[in-house]
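Below are two complexes that have subunit A in common, paired first with subunit B and then with subunit C.
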Partner chain A sequence: MSALLETLREYLAYPFVQKALVAGPLVALAAALLGVTLVLRRLSYIGDSLSHVAFGSMAVAGALGFADRLALSLPLTVLCAVALLHSGRGAAIRGDAALAMLSVGAMALGYLLMNVFPGSSNVAGDVCTTLFGSTSILTLSPSDVWLCGALSGAVAVFFGLFRHRIFEIVFEPDFARAAGTRVGAWETLLAVLSAVVIVLAMRLVGTLLITALLVFPAVGAMRAFRSFRAVLLCASLVGVLGALAGILVSILAGTPVGSTVVAADIAACLVLTLAGGLRK
Partner chain B sequence: MKHHPLPLAIGLAVAGGILLALPLATRHPRATRPSIAAPGPAAVAATGGAEASAPAGKPEIDLTHSNRTMAYSLLIDILLDPLAYRGRTIRMAGLYATAAPEGETKRRHACFISDAGACCAQGLEFAPLGRLVHPDDFPPPGSRIQVEGILDTYEEDGRPYAYVRDAVITHPSTR
Partner chain C sequence: MQPPLIRAENLSIGHGTRVVARGIAFAVGPGDGVCVVGGNGAGKSTLLRTLLGLQPPLAGRIASDPSLRPGDIGYLPQSNPAHAGVPATAREVVLSGCQALRGLRPWFSRAERRLAEEALARFGAQELAGRPFRELSGGQRQRVRLARALCAGRRLLVLDEPVSGLDPGAAADLYRTLADLRREGRAVLSVTHDLPGGLADATHVLGLGPEPFFAPAAAWQRRARGVGLEGGAA
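Let's turn to the complex of A and B:
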């Protein structure tokens, strides 16, 4: 055990590990909070579709020679999020078939473009890293960490200040609209935040595993708690602790970071489900 | 009797964590204890190089004693911030690759290591110690080698790139 702690102490001295341990939990926090609203609105798979759109748009950005691929992938993902999540009559994309078409189409075109316009000599490796986030969280720049911190702080403050409004929009949108709340604007804001969090969360768990970051903390919290406030708090805690535990286990055991974080979230969800079941 | 779920959840989580930690705690010390003597790049920058403090024969950065996730990530960090690691001794093991880029007279040599998922591989260029002649003095490309030397940088197109200078190559078949 002392050897393990000594190893951990030495690894924690490296700045890239410190950056991962700061940025990872922050992104997981934002994802968990947004995941609660997506799960409650039965839009859990939206995260998967948006992450595929982000993957495709990153490939397009690479093909067009963008130095910073986020400059293209972020606006495109936001546009798709608004189109998917806006529940007004003017919603551009509806239905599960449309969702599937967007998701698969973006993934396929993205992979095609990465092969036709490779950004490096190791296309398979680039694709694998983007899809599963094996070590991307361990290769962050200081600006990446600041961006994650700013975004997660903004999401946390947003949920803290407007918890009741979000509750209204999630559970009683018609009542909220009748009471004068600009539901469309709030939904657009939630869609934009979801898209931004998903694009950033790709660095932590990869494209294919983002849904886990959104869903498992939320579902686990809902199994154990009844009030909206308690669910938000519990989901946040699970998200943060799951990311921390996943990153630490990954660097100690030499496992891929993304899937280890998801495994930690699954474990937490199971524990909460068990605890909620025992409570009854 | 109703029980609050949070204490139960915490208790289950602690129990689960202990169960998960046991296999890690009982791993072979060689696999879990990296031979990384210095605390990190910041200390190297402050002291202006750690060659004088490193014990002879023991590299400051030993990727052979780190797991794949850490070794790969550390190598990426070296490549992204080469100036922070300049002057440190390094030992790494991986697959040998060589190429003679078009338009260049000098042949380049590299040692590649892969990440935990074995889908990504990253190489670090090295310049061998002494006058070695390719291909007679080098192992076949793709063979497993161990490289030990001093991290240094060279500039190309205005950017610094990391490489291992005075590299001593060990190939299992030549031991």
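Let's turn to the complex of A and C:
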């Protein structure tokens, strides 16, 4: 045990570990909050598709030689988020096929581009990193940390100030519209925030695992708690603690960061589900 | 006579290019209770949605009192199972009807919380306040949603099937409550399948069908007795 603590202390002295421990939980916090709205509006699959679009657009940016790939990937993903949200309304079946095509298309073309225009000699390693986020969280620059911090802060403040408005829209949009709330504008805002968080969360857990950060904290919180306020608080907490625990365990056990964080979220979700079941 | 809150003239409603009902004309003013009747597919819910601006009218005109703001209107949509899974207490649901009062303040004031409690009490649901909405029965949910509409609708209540899910006793209570609210000056526009129960409380009847009509409730009842009530007292 003391040997483990010693190892931990050693690692915590490294700046790259410190940065990961700050940025990871912050991104997970924003993802958990937005995840609650996505899950409640039954849009979890849109989060999944957006992460695939983010992967494809990263590859396009790499092929086009962008120095900062976020500069292309972020606007493209945001654009897709807004388009998906508006096309999805009232066209469930068409929307479903469109999502599947978009998801798989973005993945396939992204992988193709990464192979045709390799950014480095180790294409397989690059792809693996993008998909599973194996090491990218440990190579964060200070500006990445600031970006994650600013964004998560903005999302947390947004939810703090507008939680009642968000609830109204999630619960029954028609009622909200009739009462004068500009539901379309709010939905667009939520879509844009979700897209931004998804692109940033790629660094933490990779493309394939982002949906986990959105869904597990939200579902766990919904199983255990019965008020909207408690669900938001619990999901945030699960997001933050899951990311912290996952990163620390992955350092000590030498496991991949992204999947360890997701495993922690799954565990939390299971515990909360059990707790919710016992309360009934 | 006070000016109407909403007046419709020669209104056609429907979806896309498909007209569901045409030639609708009526007005609802403070204290009025307008009951919208008609068979399935006659366009009752569509009419409410059109009046509320949730879908565009296909022809004709809807004029509303310029002082009537969206924040004065409380809408009870048809009950929808999709929202039943949302984690929220009944109190949170009712409070969400106080958005227009809250404005930009990030929390609800004591007055708004009291308004929500009073609204629950008016529909006999005060003891449900702390209960999770998704664990309530259909009738209990309906009363909570009515309380939310009441918080939002300081001047006009637009109710789609308000008695759905309510047992006969609760339905009678609801009609009494709506009559009280009208005496306090609110206008009530409601769609109902509950005939004649829903009519007992109405001041006017708006019938949708091949020949739409709008008449004081007493005149409509004479007419219904004369020609036989279409799809009537079930």
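Just so we're on the same page, the second predicted complex is superposed on the first by the 271 of 280 C-alpha atoms of A that agree within 3 Å, B and C clash if a C-alpha of one lies under 4 Å from a C-alpha of the other, contacts with A are read in each partner's own complex, and residues count from 1 in each chain.
One rule holds for everything that comes next: a contact is a pair of C-beta atoms (placed from the backbone, for glycine too) under 8 Å apart; a residue touches a chain by one contact, two chains touch by 3 or more.
Owing to the predicted nature of the structure, the values given are computational and were not obtained by experimental measurement.
> For A:Ala100 in the superposed arrangement: first (subunit B), second (subunit C), both or neither?
Neither subunit B nor subunit C is touched by A:Ala100.
> Where does A:Leu64 make contact in the superposed view: on subunit B (first), on subunit C (second), on both, or on neither?
neither
> Does subunit C touch more residues of subunit A than subunit B does, or is it the other way round?
B
> In the overlaid three-chain picture, which partner chain does A:Ala179 touch, first (subunit B) or second (subunit C), both, or neither?
second
> Using the touch definition from the top, say if A:Ala268 reaches subunit B (first), subunit C (second), both or neither.
A:Ala268: touches subunit B, not subunit C.
> After lining up the shared chain so the two structures overlap, which partner does A:Ala108 touch, if you call subunit B first and subunit C second: first, second, both or neither?
Neither subunit B nor subunit C is touched by A:Ala108.
> Could you tell me if A:Gly160 is touching subunit B, subunit C, both of them or neither one (first, second, both, neither)?
second
> After the superposition on A, what does A:Met222 contact: first (subunit B), second (subunit C), both or neither?
After superposing on A, A:Met222 lies in contact with subunit C but is clear of subunit B.
> On the A-aligned overlay, A:Phe171 touches which partner chain: subunit B = first, subunit C = second, or both, or neither?
The answer is second: A:Phe171 touches subunit C but not subunit B.
> Overlap of the subunit B and subunit C footprints on subunit A, residue-wise?
225
> Quick one: in the complex, what on subunit A touches subunit C?
Going through subunit A, the ones touching subunit C are 40, 42, 160-165, 167-168, 170-172, 174-181, 221-222, 225-231.
> If you look only at subunit C, which of its residues touch subunit A in the complex?
49, 52-54, 69-71, 73-77, 80, 82-83, 85-89, 92-93, 95-97, 99-100, 102, 106-108, 132, 134-135, 148-149, 152, 158
> Subunit A touches which residues of subunit B in the complex?
The contact residues of subunit B facing subunit A are 2-6, 8-9, 12-13, 16-17, 20, 24-25, 27, 29, 32-34, 36, 39-42, 67-70, 72-74, 76-77, 80, 115-117, 119-121.
> Which bits of subunit A are touching subunit B when the two form their complex?
My answer: residues 1, 3-4, 6-7, 10-11, 13-17, 122, 124-126, 128-129, 132, 134-135, 138-139, 141, 224-225, 234, 245, 249-257, 267-268, 271-272, 274-276, 278-279.
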